[in-house]
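Next up: the structures, one after another.
Two complexes, one shared chain (chain A), two partners (chain B, chain C).
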Partner chain A sequence: MIRSISLVATALLAGLGAPLSGQEMTAEEIIAAMDNNLSSENQVLTSRMVIHGRRASRTIVSKSWVVGTEKSFTEYLAPPREAGTKMLKVGDQLRTYSPQTDRVIQISGHMLRQSVMGSDFSYQDMMEDQSLLDMYSAELEGSELLDGRESWVIRLTARKPGQAYPLRRAWIDKEWLLPMQEEMYAKGGKLLKSARVLEVMRTQGRWYPKVWLFKDELKRNSKGTEWIVDEIAFDVEIPDSRFTRAALRR
Partner chain B sequence: MMLTPVLAKRNLLGAGVRTWLNVTVTSLAFFMIIFTSGLYDGMIAFTKRVTVATEIGGGQYWHPQYDPDDPFSLDDAHGVLPPAILPAVAEGLVMPVLVVPGSVYPQGRVLPVMLKGIPPGQQIVDLPTEVLHATPEGALPVLIGSGMARLGKLAQGDRFVIRWRDAYGSYDAQDAEVVAIMEVENFKVDMGQVWLPLETLRQMAAMPGEASYLVISTDQTLAADGGGWTPRDHDFLLQDIINAVEADQPFAMTLYGILLALAALGIFNGQVLSIFRRRREIGTLMALGMTRSRVVGLFTLEGALHSVLAVLLTAVWGLPLLYLVATRGIPIPYDAETIGIVMGKRMFPVYSAALFGGTVVVVALVVTVVSYLPSRRIAKMNPTEALRGRVT
Partner chain C sequence: MLKFLVKGVLRDRSRSLFSIIAITIGVFLAVVYRGFVAGIFDDMLRQGAIMMTGHVKVTTRAYAAEAELMPVDLTLLGVEEILASLTEEFPDMFWTPRITFGGLLDVPDEEGLTREQGPVAAMAIDLLSPGSRMVELWDLENRLSEGRLPAAADEALLGAGYAEKLQVGVGDKVTIIGATMHGAFTTYNFTIVGMLKLGVGSLGKNLLLIDLGGAQQALDMEDGATEILGFYHDIFYVDESAVAQAAAYNASREGRGDEFSPHMIPLRDQYDMGAMIDYMDVAVVIFIGMFFLVITVVLWNLGVMNGLRRYGELGVRLAMGETKAHVYNSLVVESAVVGVGGWLLGTALGLALVYYLQEVGIDYGALMEDYNMPISHVMRGKITPDSYYIGFFPGVLAPMVGTMLAGRAIFKREMSQLFKELET
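This part shows the complex of A and B:
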């Protein structure tokens, strides 16, 4: 899900803002186009994560540096309790640093299933770094109006066992090529999680999702977690030293 | 020779209230030592009995990567059963259990749990797993403990979603129905545990023929060679409770020490006072031909008899009380799982003959020693000075 942000950003970077015709493209081609554009050089973004609980909501502000789908570095800026916490993902390795304990912890195994900062997505959701077409075979189910806009509905089925979500469905806006809605299903077909773009913005001459809503669909009455992108910059110089363990303690 | 005990008894009883005060304090110490030790012994005995009956049977074989205290290793802690153990499994002498980490969503809330697959027809542990033969329509049959039911606000017949990951890492989820809620005194098989039929869980997790650990019947012997799986005997599996009680031993010993010191102090003071007040009597006894050592023996015996009276007094008031507590138990005002020890809702002390005998010997020894120490002064007394009421 989180990966979708960079995926879309890369697609926009490549200048694929022009409308595409569904009749001329197969599902694989639509996904391939998105996957191709996913490999953006880099991006730096500041975002807010609003975690809606039963009684109250928490807002966590962070700044992220992302290179392609392999490397990302996130530093939490607010609230004070979370400020200074950092997260480094390089390939399939995910490490976090907590200033309270001054320790770097590798997130693996059972911990990957834990919620990120109490939100509706897990560390595992952050770990996807393969292209969608490598992981899933795509099938175009048809077109639908989503919030009054034409979207392709694409069904993604895992190519081999072991994908966290064996089945996904994505609603891709025909004009913006943005995955406006995504549903993730369990092996048995139960809906587990969903992501929806609530607001888009125009930045650097491109459309970009501004507000996402992620939900764990198994939690009843869950209001989900909002991800609000406040600032984003593409093609910014990011030194390799940003993606080292030493950077976590810096 | 009979003169000394007769004199000692007469002098002791003649001291009246002073004697009975000392005897009462000694009796109290005697009672408290037996009662407290009985509580510890009862707790250990209860934990062992319940843990063996509901969880560990005659011992376990663990998959090489299985460690219940390390949840991060549980994803990989499963494998096919060692071939050497398969015949015993077929005979029902060994029970395979598969553990898969998962989450449950009772009333839409999320709770992390361990999904445990167990053969419904097993006879090895005292859990009502036969209810897992039930086949609720469109849902998995699950058995949970009353603690887990309280935590999840679940009742028999309630349905909730279970989510887990299969052996390859894919998420799966399905509805489950609580077919029974068991009252079990071992929180380790209750809190955070959801029991399912073994074959169902194997199918759900894509782990055919696999298990995380094996439990052997109590009438079987744990083999040193588990076919690559690690044998775990009672000493290992009950280490937690043994460590917890051992960690509490210094506190218990301090308590015993204080109680004994109180009793000993009273007797010691009584002896000192007695020797001072009875110096003319001591001088007379010596003048009549009693040797110094016999006089010392007389006073020591007088003191030591406190312990005999204390034992008799405890038998009168303490034994019925100990019996009452041992049969009715003491209610525990909090949930045992909160302190991480397997305990029942009531604690039943266990008193052994060794405990009674040992306590009598220790109390008698301490009382005799503190009775002898002040009496040594008599040996240095000059009979003529003593007759005049002087102490040299």
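This part shows the complex of A and C:
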């Protein structure tokens, strides 16, 4: 699910992935194919995050520039209180700039567990930048119909201790090669987060998630956060200056 | 006769001095102990109410269910309207909104980069509204070790020890990092204008005290507060009244509104304060009862000893023709005179010390640094109405009863044996 943000991020970048549903594939091959579909050299996207709180829903609009899984720069455009807030991720460093305080703050330690703009995902989720196969061993549990579509069910087990989600289950659409549903569990088996693709779109020759629903399952009465990709462009040129601390204050 | 006995008591020091000193000390200890216990418990309730619970507290139902997590997303909104309604409905109380939240305090260097960072417990109280009693109740002017009180919403007070640890001085700008009521990451700048020495254990160590308006801006919480605290005007907690008031308030709203509707909680139902109140009631009775028993027995024994010590004198008086009843009555009256003298003196001295404790107190903060309790570091006493007469029983009645018991021997003495006894 962490992946989800990366996925949407990377999803936007993704290269072309050929449907492989008719072939016999191992779990690792399925994950690799999905990663390939969702990743790209770089991407620029405009998205909306609709955060369904216990009281009301809020919509956050942002524009992101992403290079691989290492670098990303996000500027929040709306609502007015958040407008001008920027976030820079380079490797394992995450910094945020708030125009209200004119301060650049590095987000680290326990702050990484905080919610991004009140949504259902955390900064830690955003920081996940390794490929799934680097972090998890994959096991094919079988196939299931999900919303009437054929999907592989993959069980992912963390290769090393210390992962935020030691266990995951992903339902990967056999045609679109997209993780249509994902569940993230704690070591003890408790469901921590879930993600589901509600709508897909065809862009630049591949299928991408258009609307995701993320849910922090530990939040009481959580209605989840929708992430809607409004615009996306792959493989556009992004200058290196975009990913500098100076860019945060610009 | 009374005048004669008083003169006798005053002129014969062997009859009065030791007894009066003993009774004075006993009554003094009794009055001081009563005042000390009352002061300690009163201070615990008062400090707890001011800093944590109020005499009653109004929050949303959802916040009340998760209060220990300080969930700012479940905050009360429309606070102005709720305050007006509470003030109208409960005129014997005054109401004040508050926001408590946790976050990180970030101290920048000259280039605006993080120099120091640490967790902070932020509390926003109404410091700036005209008529607010928060500065008085928190005793902020006396607890300010450096600087001044905030005069604007973006000014803050920081715990003196924590400020030293983070190397923050008066006039420095700090950034608080936290989450808004919508859960969004937020940063907000405050200028530190003063350092606090709260003297309430480790509770005050990481405290950032700000005005309500500053917290509302920082947390995107317009017209919001996590809690509204209600206090009786004389800041004296009346448990039965507060419990009944909260029950009536909640009952009148039963079945109405949602999880964000106001919900009233009396002091008793917060932070296990109920158990403490019950313990205090029992403890007062037990501690004071035991202490008084000891003092009473000592002074009673004094009366008995006085009677026995004067065995020979009484024999002479009987031999000279004084009636037994007269001798007995004179002993009892003498005992009462000595007792009243000791009681008045002991009460006066005891009240003086308790008054000193009440008004000035004794700072024992060095012993309390590691205790996470809302107890003041200044030992306080409290003069209660019963402080004036509580010494009467051990000071006057106990020696009198002792004298009466010892005096019974007068009636058992045989006149025929008196001269024989006096010869030996």
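We adopt the following convention: the second predicted complex is superposed on the first by the 223 of 250 C-alpha atoms of A that agree within 3 Å, B and C clash if a C-alpha of one lies under 4 Å from a C-alpha of the other, contacts with A are read in each partner's own complex, and residues count from 1 in each chain.
The criterion applied here is as follows: a residue touches a chain if its C-beta (ideal position, glycine included) is under 8 Å from a C-beta of that chain, and two chains touch if they have at least 3 such contacts.
Fair warning: this is a prediction, and the values are worked out from it, not measured in the lab.
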Superposed partners chain B and chain C on chain A - clash or fit: clash
Partner chain(s) touched by A:T74 [first = chain B, second = chain C, both, neither]: neither
Contacts of A:Q181 with chain B and chain C, given as first, second, both or neither: neither
First (chain B), second (chain C), both or neither touched by A:L218: first
Chain B versus chain C as contact partner of A:M111, first or second or both or neither: both
Touched partner set for A:D102, first chain B, second chain C, both or neither: second
First (chain B), second (chain C), both or neither touched by A:E82: second
Chain B versus chain C as contact partner of A:R55, first or second or both or neither: second
Chain B region in steric overlap with chain C, selected from 7-15, 295-303, 331-339 or 367-375: 331-339
Touching both chain C and chain B, counted on chain A across the two superposed complexes: 111, 220
Footprint of chain B on chain A - complex, ascending: 108-111, 113, 158, 161-166, 186-188, 190, 192, 216, 218-222
Parts of chain C lying in touch with chain A, wherever the complex brings them together: 62, 66, 73-74, 104, 106, 108, 112-114, 175, 177, 179-180, 182-189, 220, 259-260
List of chain B residues in touch with chain A within their complex: 71-76, 101, 103, 105, 107-110, 161, 163, 165-166, 168-174, 206
Complex contacts: residues of chain A adjacent to chain C: 51, 53-55, 58, 60, 81-82, 96, 98, 100-107, 111, 114-119, 123, 220
